[in-house]
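Here chain A shows up in two complexes: once beside chain B, once beside chain C.
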Partner chain A sequence: MTGALTALYRYVPLLLLAALWEGLTRFGIVSDLVLPPLSGVIASWFTLFEDGGILYHTGASLLRGVSGLGLAIAVGTTLGVLMAWIVPIRVVFRPIVQMFYPIPKSALIPIMMIWLGFGDASKIVLIFLGCMLPVTVSAFNGARGVDRVLIWSARSLGATRGEVLREVIAPAALPEILSGIRTALALSFLLLVSSELLISREGLGYLIGNFGDAGIYTSMFAVVLTVSALGFAADRLYLLFVRRVLAWRE
Partner chain B sequence: MVERLKQDAAASIRIESISHEYRPARGRPVQALDEVSLEIRDREFLALLGPSGCGKSTLLYLIGGFLPITHGRIEIGGRAVTEPGPDRGIVFQHFALFPWKTVLQNVLYGLQKLRLTREEQLKRARDYINLVKLTGFENSYPSQLSGGMKQRAALARTLAVDPTILLMDEPFGALDAQTRSLMQEELLSIWQRQRKTVVFVTHDVQEAVYLADRIAIMSARPGRIKEIVDSRFEQRGPALLKSPAFMEKVDYVWNVVRQEAIIAQAEVPM
Partner chain C sequence: MNAAAPSRFERLRPVLSLAMNGASIVALLIGWELLGRSGAFSRFLLPPLSLVLGRVADDVMSGLFLTDVVQTLYRTLIGFSISAVLGIVIGVLIARIRFVNWLFDPIVSVGFPTPKIAFLPVFMLWFGVYNLSKIALIAFNAIFPVIIATIAGTQAVEKELVWSARSLGARGREVLWEVVLPAALPQIITGLQVALPIALVIALVTELLMGGTGIGGTMIRAARFADSLGVFAGIVEIAVVGWILIKGMELMRRRLLVWHAEVESVSTV
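For the complex of A and B:
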């Protein structure tokens, strides 16, 4: 009960911001060409929801985001852990990762379009490439940082080198991997929306661009708010998941 | 029975002219051990005693097969050490429990590598948890335990796979004085029931004299065996700590170690 109340109090500033938004636009202090009133935006959202438009485009976007991010997590974790403990793999991939890490991944959007077209593939590959690097780097650092006495203990308890990799190094690196995945999660939204905004015929990013071009600002803001809410919810759910997985840390 | 005898004979350790160099990421290589030779008998409790930085832990890690042997040779029951194995269990100063596993899961880890049924694994895990007096804490995570309890759990995990040799790297060094003396008693009582060859690294003179049959005293870096002192007593137990014979032995060992400690201190930067 008190927990729920404290949680509620935490979001009071958001409610104040919403009230400010509504007040400024309702009384004409800010023109509705710049910022439509919040009430209008909410009304548009319900219209979009009822005709199924927002659900359809959300589905399209989430499919791309989940596929790209899922691939990035699977490949990035494996690559990072292997780079940490197998020298030839480190020698080959380290310079490649270092080279690609600082590239702003949005710069790859036109390249992906040329290579893979306007459909799902270009977005999925873009998100995969962009999100894989932070996961790889965190898995690498996490795996490198494993205390050698844990590895030695496992070996003297009869574990083979392969078993040590799976049963000791991977779980010991997990806290760091999970924080890398959180960065990747935020990045996946960024890449998803910006790529859809530029080149797409469906998805939330496309919807934002489309309503913007058509001058239907209440709908455009409604979609922007939807994206924010999804990003916020994904992050909160992820944190809950992490807290469960890392319960042993106390 | 024959099998068991063979196994027992295999628990002697022969260390022949072992030298070892550390190569730090920066700076010059450090000579940790210089031509160390030592015989550790089957089912003997041997303490490796010396000032910090004398290479006593390094020697233990070499016996464990954790560090590569680059100069010299270590044999266990006539077979050269090349890698770690479940014949040599180890207990570290900072416990080295898997923090994501509960006490029971930690103890089960090594048992799962053996050919045992699930029931046998669980039974043995519970027996050893009971042996170290942790019954009731099977489902606790290491982060929920005190230092002494963590070390008990680590000891149970190591003993559960029944190694013939027990390597202990300052196992009670991170514990408070009271817990340490309790743990010493328990280690002795376990060792009296399950005779194993024990190699016990410590810099605590009293602990070495109290626990060990023999004490190998090491010199300051680079580590060499300076002297081997017999420290066998008729009866071990808290009463021994106050006996004149015990105190005399501590005095003697302390005098040998002190010179080395002074040398070691002079070498420590700062």
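For the complex of A and C:
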């Protein structure tokens, strides 16, 4: 009970913010052409929810995000660990990773416009390529940081190279890999929303841009808040998952 | 750490690394050129590297390169500076004053993981499509890592340091400037090192989405007119900017933390 109360007390400032928003617009201090009242935004969210529009576009966006990010995690982790584990692979890929790392990932958006156009593929490949590098780098750093004594001990106890990789390196590198994936998760939302705002015919980013262009600001704010809530929820769920996975470390 | 018996690769590494570091990049670039010329992809999809570099050279000569780079850098650095100054101030206030902590902590912890790019149309509505909205959105995105790093750094300062300073007669403000901030500096700079690439990514996104001047604006115009050379040239140009910013930040870290017993500066790889 006290826990619930403390949590409530902790989040009072957010309620104050919401009340401030509603108050400013209700009493006409801020024009509703600039900021629609929060109550109106919530009402139009329910309208969007009932006619299924927001569900359809959320589905489209999530499908792109999950596919791109999933690919990035699979390929990035593999590449990073292999780079740490096998010298020739490191020699070939490390300079390339270093070269591409400082390029802002959003620069890929116009390339994807040229290569893949408007559809799902351009967003999935964009998220895949953009999110792969942070995952690769964290997997590489994590796997390299593994204490050599652990590896030697495992080897001397008769573990094969494959077993060492599975039983020693992967668990030891996990915390760093998981934090790299968190960065990639945030990046995937950024790339998804900005590419959908720019070139798309479905998805939440498209919906925001469409309502904005049409001047239907209550609906635009409703979708903006939906995207924010989804991003926030994804991050919190991921942190919960990480705590589960790393529970053995305590 | 035990001294490991150097493996075959370990012993050859200094010689190998220099040659190999360049080798795979050169191979990649030659591969790009050959693939572009081979006709496997159209010139539109994959223009050969030499043509792209020619376009970059043209942009440099015509002055477009310089004006674009300056515009993009200007927005990135102004937005970044605002987020750095405000972020450090807010972070210190949150760490030191209970009321500010109560008021801002939930806002920061919700704001940090939220995809703030979704607010881009809102910023366009409020601040237009020129520098003001671009810089505001950059600062809005880059400020959260700075705040969080400042809070963590300030709270991690050893109590003994503060007590010693106090017992030697330092007052609150002196303790802050002479003890707390310098001790928290490594973490704060790490936060800034996270914020700077974010600022650049967002600068490019705002330019892509709102158009106008800057590398992003030029790239999106090129993409709309199916001028793929222009798009690829833009990638090369933004890569140069990104590289300058990241190296500059590493240099600054080393300068500012000369006195600090850091083992080695944080590097990307």
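To be clear about the criterion, the second predicted complex is superposed on the first by the 245 of 250 C-alpha atoms of A that agree within 3 Å, B and C clash if a C-alpha of one lies under 4 Å from a C-alpha of the other, contacts with A are read in each partner's own complex, and residues count from 1 in each chain.
The rule is short, and it goes like this: a residue touches a chain if its C-beta (ideal position, glycine included) is under 8 Å from a C-beta of that chain, and two chains touch if they have at least 3 such contacts.
Note that this is a predicted model, so its numbers are computed, not measured.
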item	value
First, second, both or neither for A:Tyr206, with chain B first and chain C second	neither
Touched partner set for A:Phe128, first chain B, second chain C, both or neither	neither
Chain B versus chain C as contact partner of A:Val149, first or second or both or neither	both
Contacts of A:Tyr11 with chain B and chain C, given as first, second, both or neither	second
Comparing the two partners chain B and chain C, which touches a greater set of residues in chain A	C
Which superposed partner A:Ile96 touches (first chain B, second chain C, both, neither)	second
Those residues of chain A which chain B touches in one complex and chain C touches in the other	148-149
Chain B-facing residues of chain A, complex	147-150, 152-159, 163, 167-168, 171-172, 174, 247-250
Chain B to chain A touching residues, read off their complex	61, 64-66, 83-86, 88-90, 92, 94, 96, 98-102, 109-110, 113-114, 141-144, 157-158, 161, 163, 167
Interface residues, chain C side, partner chain A - complex	1-2, 4, 9, 16-17, 20-22, 24-25, 28, 44-45, 102-107, 110, 113-122, 124-126, 197, 200-205, 208-209, 216, 219-220, 222-223, 226, 228, 231-232, 234-235, 238-239, 242-243, 245-246, 268-269
Interface residues, chain A side, partner chain C - complex	10-14, 17, 34, 87, 91-99, 101-107, 109-111, 113-115, 137, 140-141, 148-149, 186, 189-190, 193-194, 197-198, 204-205, 208-209, 212, 217, 220-221, 223-224, 227-228, 230-232, 234-236
